Structure formats: structure tokens, C-alpha cells
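First chain A sits with chain B, and in the next complex the same chain sits with chain C.
Right after this comes the complex of A and B.
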């Protein structure tokens, strides 16, 4: 009995060892080859950068034709050139930026990147979209819009980023809607992309917000309005906030009102100061520090006895910011009862203030 | 003789089954981790974190640094921590009754003044003597308290921390500048997240200046190199894999981030616990996730923190024995989770995995060696079978270690030179010949010590980073 099992297991083990040996060998070879290839490319790239540096600055300062300059570079090295130019795209402005963009838009680089964009390989598409977006290459808009429908999330993200950099306002709704197809395209990723637009995007977004029911899109749109300090959306956002049941939308709205100093929202904020959600109460207090006046004093004092310490803490801060001469009153309160939690928080805020001043 | 034969045969079969189960679990974890890494890299590739934090609802963080007799490095540590990139963070240094001049050093370097502070929460901790703030660095708070151990010091810090997120780090950890930006993202994206851990790397051999990693390199000592591979394996595929099942049972104490409310709800860290970093996570699963299974304890694969690894057998042994005792302690304290369907995957899969493979693993392995040797001596197995089985086991370990190096190469590539990569591959081979078995032996001894009542921490000497 032992012998039979022994032989069977032995065969199995021998095969396993053989497979593991082969697997280990392949893995090691693969990783070393990958590294060698990467190292070789890095070296080539460094040489190219060193060689190109002088040429690039001469081009920026002189009148050299961009097409003639790019013609001297072999197609094989286009990627190195693009990588070299990347930092400059993020830094340069005005005339220098125009000259830089010409290196892509008025040369063979543009058809090269467009052909990459048409390819089926996500890596190529992502890279092409990235540079076409940076160079504000309007010729790529049509193709990029198509790529928003790609089932590949990275292709969607890179195309969306390029369209935002190209300030293609029409694409913004496609971006917002297509994003919902992907589980891991978060609100943060979308905001990072959409903030690349200029403030022109706010007007169409406002029109859309009036009928938008999706709370994520509502919340992103309002955040963007705050980012661009877009005052015209105040009334619409106020209506949305009043009827919204979603914490995120309400908080974003409050932040927006504080950000653009929208005093018409004060009445609505007055009602939200007693909202059951502590984050909302905290945000209202922060907004009141910007928008409020002395008529809110008693309501804010009441919040110093809130059940949540963040609300209490922000109540003290808001009082100090909002009510002239409140420091004396808070000081008295702070030392009136050493065991009281609200007084302890007031002491802490005063301590922090004194040390900061 | 027949009975002995059957016993030995039965046990050998069990060992074989155990080995196959371990292999299957590790292979599954590797595959899951591989896809998770691809997914993660795609998600963050197009994110400019600083831009996102300018726009979004970032949550303020309190970074708690418990310090006990850290006079030599505390000033550098605080200076480096104050440089972390995050829009709103508070640094809470807790001097846990140091007997050296830790507090004096802080006084001399950070213009701190005593302030009136009343703890907001009442987590159990030794009395706080005084609280200080710095006029030079408004986000620095120093708590001076009576000695009570690491868990106690963290609890004191939580009681005074004012941010909704709490990050706990070791005073001698070297952090990546953008670690807070990275660690907070899961909290921003999902409000059910209550704890997040990140990848810890070995700093031995790296060039460190003013608390920052200037150049990543490998240590000269092979012992430290083995630990580099070990950490890659543990973090890149172990935790990544379990994360998919929401099954993280341990977040390294060197760097962890929690929702303050969650910490308060479970009454903070447990005092007198050997492995407080594992215990708190298991307790979070047990106390919080039972009522709300949507809550998540998650992990980001980015390297966020670098730590010093022991370079002598004595210190390494002490560390590993402490870790094992910590694992046993946490598992026994929360044995109610074992095979308990009320806790979902955690109860049915992850906790049993930790109990059977992490806690009992060394015992089974040592007994396995013993029975295998006995079988061989008694002629129950042939020499060819014995050699084949041991070779398979070792080769399998090699494949796993090499895979973790590959995962690192495909994701973060933090070891830039080819020579470093080759050294890591060699270390991945060599650690399976002696180092792994030594670890097993230490962990086995830890089990014996634990059950015979020796449950103390042991000494952990650190030689400090070369500046």
C-alpha cells in the first residue's frame, strides 16, 4: 500500500519540481530581461535628452521651422522627444507654449500621435492622448471623443483628461456619464480631470445641473463651480441643496456658498445648523464664519453644547471669527466651569489661538 | 509496528494535505494580488494627488507618534514629519514617560509652551502630566504622560487628537513625503472605510537624510536582504490578496490610519497586549463589522513607510518571537470569530487561515519535519520521495519569493539598479535554505513560551539609521 502511494506521489512531485524549476527559470529570465530593456531605454533616452537640450532652447529663442527640426529626428525616437517636452508643457506659458505646441501640431509628430490614438493598444492610446491633450491639438478632438466610449478604463481616463485640457465643453457630459460605467473611476479622479477645463465649462454644466438627478454628478458639478468661483450657479445650487437628501450634495453646496460668498443662502443655512448630521452642522458653522453676522450669535452658542466635539470646536472658532469682541465672553465661559466639556473645548481653542498669535 | 506505521502515514498524509492547502491559498493570493495591482495602478496613474486635495473634501489627520526614550532621533523625526505633504494635519507626539531627555530635546528645538488642553475622549491611559504646543509649528502638539507602554501612549494621543482621521506611526519610521495623501484616499472614496494600511519597506542600506529617503539601496547584510524579500511577499501579495475579501487582519504598527470614531467605539488600543497592531484590527472586525458588514479595513500597495530591520540573529529572533506571540494572543482573544458565519469571509476563511497557517503553521511544520525524518528512518518513505518532497517545498518557496520580487518590478520599481534586482532574486532563492526554517523554529519556540506563560515583549534593539 505504501509503495503504491509512494510511487504515485513521487511521480507527482517529480512533475511538480520540473514545473516549478521551469517556472522559476522563466520568471527570473523575464524579470531580468525586462530590467535590461528598461535600462537600455533609459540610457538611450538620457543620451537623447543631452543631445536635444541645446537644440530645444535654440528653437525657443530663434525662428527655426518646427517641421524642419522634427524631420531630423527618427520616428524611433519620437517617444523620447515627447518625454523630454512633457515637463515644459506643464511649465511654459504664452508665446513659449505656442512654440512648444507647434512642435507637435505643425509637424510629423501630430499624424504620428493620431495614428497611435487610432491603434488598438491601450498603452499607445494613453500616451498619444496625453501628449495631444498637453499640446492642445484640436485635430484630435473627434477621435478622443470616440475613445470615451472605450470599455478600457485607462483609455477612458486618458481621453477624458486630453479633452479637458483641450477645453472641449461638449465632451464634459460624455465624460460624466461614461465614467459611471467604471467601478473604480472615483469622484477624485473625475475632479482631477475636470478641473483641467477652463471656467467656460461652467455655463453648460449649470444648464445640465438644472435637470440632473444623479447625486454624484450634482456633487462633482458643485465642487467644480466652487473651484472656478462660478457665482451664477448660486440660485440653482440653493434650490438643489434645499431639496436634497444627500449629505455629499448638501456639504458641497454649503462649501460652494462659502467659497463664492453667496449671502442669499443664509436663510437656508440657518435651518441646516440643526441638521441631524454632524458633518453638515460643522460645515454650516464654517460657512457662517464667512457669511454670517451677529444675528447668528445665539444659534452658534447653542452649538457649543452639541453632542459632537467637531461641531463644538467649530462653533467656538466661528464665534471668534464672526462676532467682534467675542474673545472676552468666550474666555469667561472657558474658565467658568473646569469640568464642562464645552468650556474645555473653548479653553483649547483659546490656547491654540494664543500660541499662534 | 503496524500501528506506528499507520500513525506516521496518517500524519504524513495530513502534512501533505496541509502543504497543498498552503500552496493553493498562496497561488490564489498571488493571482488576486496581481490583478489588484494592475487595477490600482490604473486608478492612480492619472491622479495628481495634490490637485485632488485642493478640490475635494479632504479630511484632516492627526498623526500620533508614541515616543519612549527616543532622545537620539526624536528631533530629526519630528522635523521630517512636519514636512509631510498634506493640507491639514496635526502632529501629536506622546512622550510616554521617557527616562532619557526626549522631552528636553523637544523643548530645545521646537519652542513649545504649555497649554490648557482637556481630553475630548476618555480612552484608558496613564495620567497626562502636561500638554504643549509649538509657537513655531502650530500643528505640533506634545503630550507628556506617565509611562504606560505603546498602546497606552496611543490612547492618550487619541484622547487629545482633534482630527477625524488618526494615523499612528513609530517614532523611528521614515515616511514617504506624500504618504498621508495616499493613505487618506480610501477614506475619501468610501465612507465605510475605517482603517487603512500601506506597504512597509526595509530602510537598511538606504541613504537617509533629515528623515527622508534620498536613495533606495539594499543593505550589505544578507539577513536584512532576506527581510526585504519577506516584506515584499507579505505586503505585495499577502495583504493585497486578502484585501479583496475585505480580510485584512493586520495593519503594521509602523504606519496605520484609522477613523477616530471607529477607534473610540472599540475603546482604543488594548493595554498590555503583545501584538497591539493585529489585535486592534481583529477587534474592529469583531466589534464593528458584525453590526455593519459594509465597513471596510483596507490596504494600499504604495510604499508609504520605511523601517529598520534587525541585522543580528539575536534581535531578529526577539522580533519574530514577539510577532508570533502577538498573533497567538490576538487569535486566542478573538477565537469567537473562528468559522463564525456571522462575520462573513473573515469568520469562514481569513480568521481560520490565520489560526491554521499563521498561528499553527510553525508547529505543524516542525512536527512535519520530525515525522518525515522518523518515517524516513523507519523506512516508511524512500529516500527519493523524501528528497523530492523537500525539494518541492523549497522550490515552491523560491517561486513565491521570486514572484513577489517580480510584482515589485512590475509595480513600483523602487530598487533602480540591475545589481539590486539580481541581489533580490538571489536573496529570494537563498532565504529558503535555512532562514525560513530558522524563522519557523523561533516561531515554534514563541508558541511554547506563550503557552508556558512567558508573554512579555522582549527587547528590540535598533542601531538607528546612518545619516
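Right after this comes the complex of A and C.
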């Protein structure tokens, strides 16, 4: 059943314009109110910062009890304080850092943050995890590990970051496996998180790598070894690379060998320089610039006639870095045939080099 | 006569700048702060500080650009410059030392160590 209202077109238009005006008016009021609220919050925060600054600097200098200091601040201003402390956590170390951590770990701030972490609100959980991780608050480890199972990607990421900052080695495997649940958690974001661990995470990761079948975890683990310059994984990574069919794993392995200067990988690199995948050939050339010797000269010259530009370009660069006096030979080659593609690329590299120098 | 040494420093992280100012003033130094690299060279030419502390990563004009300017002006080239930089930018440190910086301090830093290193540099000159 429909109610049919009989109105003429002019009344209809007038009503529509009136409705739109009302809507615009409501929106404008809403924006103004939000701006006022935001301005008020900012002002409150700035006042708090100005008031707290002196107290905080004196606290860093002296022997004031952190609990007594925090007692002076109302619970509703805890977040202002935490935001104020954020930069100091990132920039200070040593005794300054210990004192900063005490402000969270030895005061009412810690139970406050733990209660935030237990809440169901992702925003509160993320903020709490962030500060508990920064303050290396070990009391939060169990809760943070549970949060790794959260279906919410931001909760997973903030918990993983906190656990990495807490250097909780046991959690590293949960982080690696749980990450696979989220399509948009990229390898780079995972690496950024895991690189917050200290290098002692490498030993358990190496044990895991020996039996790990997942290529993404293999590749991330090897990248971390390079980041930490963990030489002890050289033999294991070499075995994995030799049998691997996965481009990412092979490329990360090659980068790792160059990064730690693992000369035992040279024999394998000798084969890989002719790999069908151009990205692998390129990476081998880059590694040879660090690890190689004169015995590679001819193989590298051969790559100057590669079908892929990236490989040809890196072949010239590697020759220049690796072979003493090669500049003269490359210069002759570069101008030997102006129509030749390899010679053109050589001219380009030489030109770039002269600009840089 | 005022024999307090003057330190001119450029640091864009405002809370950290305030902490450095607090710590170093407490140690008896005069502090002149710039929130970016802009105007630092002119400030050094005008004030002739005893030491310059430069953050490398700053908006608009970075620390290395400022360092180049400082070292190419003969009247201020002798003023020691200490670089302040994040751990992950160590390659800039090498560049900075090549450009004539006398020392560097990596972030995160311990404020007591920073004060000590500045005092040592000034004592040796």
C-alpha cells in the first residue's frame, strides 16, 4: 500500500531545496563542533605538555620516585602524558631510557595500559601495545601473545611490534605464522616489525629455518639474517638456495651472502649467473661486485650481451667495481660500435659515473 | 665578562630540542636553537658559537647541506660541528665526517653521554 501525496512540481522543488538546506546546516554545525572539540583537545594537550615539561626534565635529572610523579596526574590525562613521552622513548637510551620506562613499568600507568590492552576496542589496544612495547613492559607479554590471534590486522601488527620491541623470541614464530592470515600485511611491514628484535632472535630463527618449508617465512628469515649480519646461517642458507625453486628465496639468499661477505657461496653464484630469471642474474652480478674476483671477468663480460637491460647495466657496474683498470677497457668497448646496445649501456654507465665523480 | 661557551644547535624534534637545551644550559652553556637547517649558517656567522650541533635529517634543509655551507665559509670553518643522527643513517655519518664534522652522536642517545662528549670536544680545543 502506498500513500500518494498529490503535490505540484514547484512545491516538490521547494521542499527538496529546503531539505538540502537543512542537511547542509546540520553538516556545517557538525564540522564547527568537531573543530571546536579538536581545538579544545589540542589546547588541553599543549597546556599539559607545558606543565609537564619541567617536571619531566627534573625527573630525568634527579631521583624522584616515578610512582609519586604519576600520582599527580589524573587518569584522564594519561594519554596526553604517553603522547608526550613518545618521542623521548624513540630518541633516548641508557639511564634516560630506564627512567622513562620506570614511568610506565613502576607506576599506575602500567595497569592502565594493561586494562586498555584487555579492552575490545582496537584503537585502545593498539595504543596500549605501542607504549607497552616502547617501555619494554614485560608484564604485557602474555596478553600481547594472545592478541597475535586477533582477527583484526591492526591489533595483530601493533602486538607483533610490541613483542619485537620486548625481544620476545618465543613469539617470533607466532608472528611469522599469524601474519599469513592477513592478505594486506606485506613482507616489508613484517620485516620492519621483526627488525625491532635484537640479533639474538637469529639463533632460534636459524633452527626453525632448517625445517621450514614455507617459502615466505624462508625469505623473511634470510632477509632478517642479512639485516642482523648473522654470519652463522651461511651454510644453511647456501643449502636452501641451492635446492630452492623460488625466486624470492634465491634472491634474498644472494643478497645475504653479499651482505655478510660469505665467500663460500661463490661456486653457487658461478652457476646462478646464467639462471633463466633476469632478477636472479642481476642479483648475482651485484653480489659479485662484493664477493667476486678476476676469475669472473669473462662471465661478467658475457652478461653485457644479456637480453635484459637490468642485467647488462649491472654487468658494467660490477666490472668497474671488481676489475682494476677495467674503466679503460670498458671505455674502448663503449665507443667501439655506436649502434651496439651493450656499448650504449656501457656509455650510459660511464656517463653516470663521471657525473657522480 | 661572560665566559659561558655558546652552542648553536639545529634539531627539528621539538621536545628533544627542549631537553637538550635544558640539559646543556644546566651545564653552563648558552644555547641557540634552530628548528630546521634554515638560517643556521647565517646564525653561526652572526653568533660565532663555540660548537655547532646538527641533526642530519631535518626538513627543508638537511644537516649535511648546512655542514657544507659552514665548512666553506672561512670565518666559521674552524668551529667544531657535531652531528646527531638516527642509527639507521650511519652512511650519512661517514659523509658528514668527510665533510669536516668533528664527531657524531647516534640516536637514540644518552643525554649524559652527549653532554660529556660536547664538554670533551670543547676542552680539547
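In this section, the second predicted complex is superposed on the first by the 321 of 357 C-alpha atoms of A that agree within 3 Å, B and C clash if a C-alpha of one lies under 4 Å from a C-alpha of the other, contacts with A are read in each partner's own complex, and residues count from 1 in each chain.
Just so we're on the same page, a contact is a pair of C-beta atoms (placed from the backbone, for glycine too) under 8 Å apart; a residue touches a chain by one contact, two chains touch by 3 or more.
Treat the numbers as computed from the prediction; the structure is a model and nothing was measured.
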Touch test for A:88: chain B only (first), chain C only (second), both, or neither?
second
Between chain B (first) and chain C (second), which does A:297 come into contact with in this model arrangement: first, second, both, or neither?
neither
Just chain B (first), just chain C (second), both, or neither: which does A:53 touch?
second
Scan A:97 for contacts with chain B and chain C and give back first, second, both or neither.
second
Is A:327 contacted by the first partner chain B, the second partner chain C, both or neither?
neither
Contacts for A:174 in the overlay, against chain B (first) and chain C (second): which applies, first, second, both or neither?
neither
Can A:27 be said to touch chain B (first), chain C (second), both, or neither?
first
Touched chain A residues, chain B compared with chain C
B
What residues on chain A does chain C touch that chain B touches too?
none
Which chain B residues qualify as touching chain A in the complex?
5, 9, 16, 39, 42-43, 45-48, 51-52, 55-57, 113, 115-118, 120, 133-135, 138, 162, 164, 185, 188-189, 380-382, 384-385, 388-389, 391-392, 395-396, 398-399, 402-403, 405-406, 409, 418, 421-422, 425
Which residues of chain C touch chain A in their complex?
13, 15-16, 18-19, 22-23, 26, 107-113
Chain C partner contacts - residues on chain A that touch it in the complex
49, 53, 57, 60-61, 84, 87-88, 90-97
Write out the stretch or stretches of chain A touching chain B in their complex.
2, 6, 9-10, 13-14, 16-17, 20-21, 23-24, 27-28, 30-32, 34-36, 39, 153-154, 157-158, 161, 184-189, 191-193, 195, 223, 227, 251-252, 255, 309-310, 313, 341, 344-345, 347-348, 350-352, 354-356
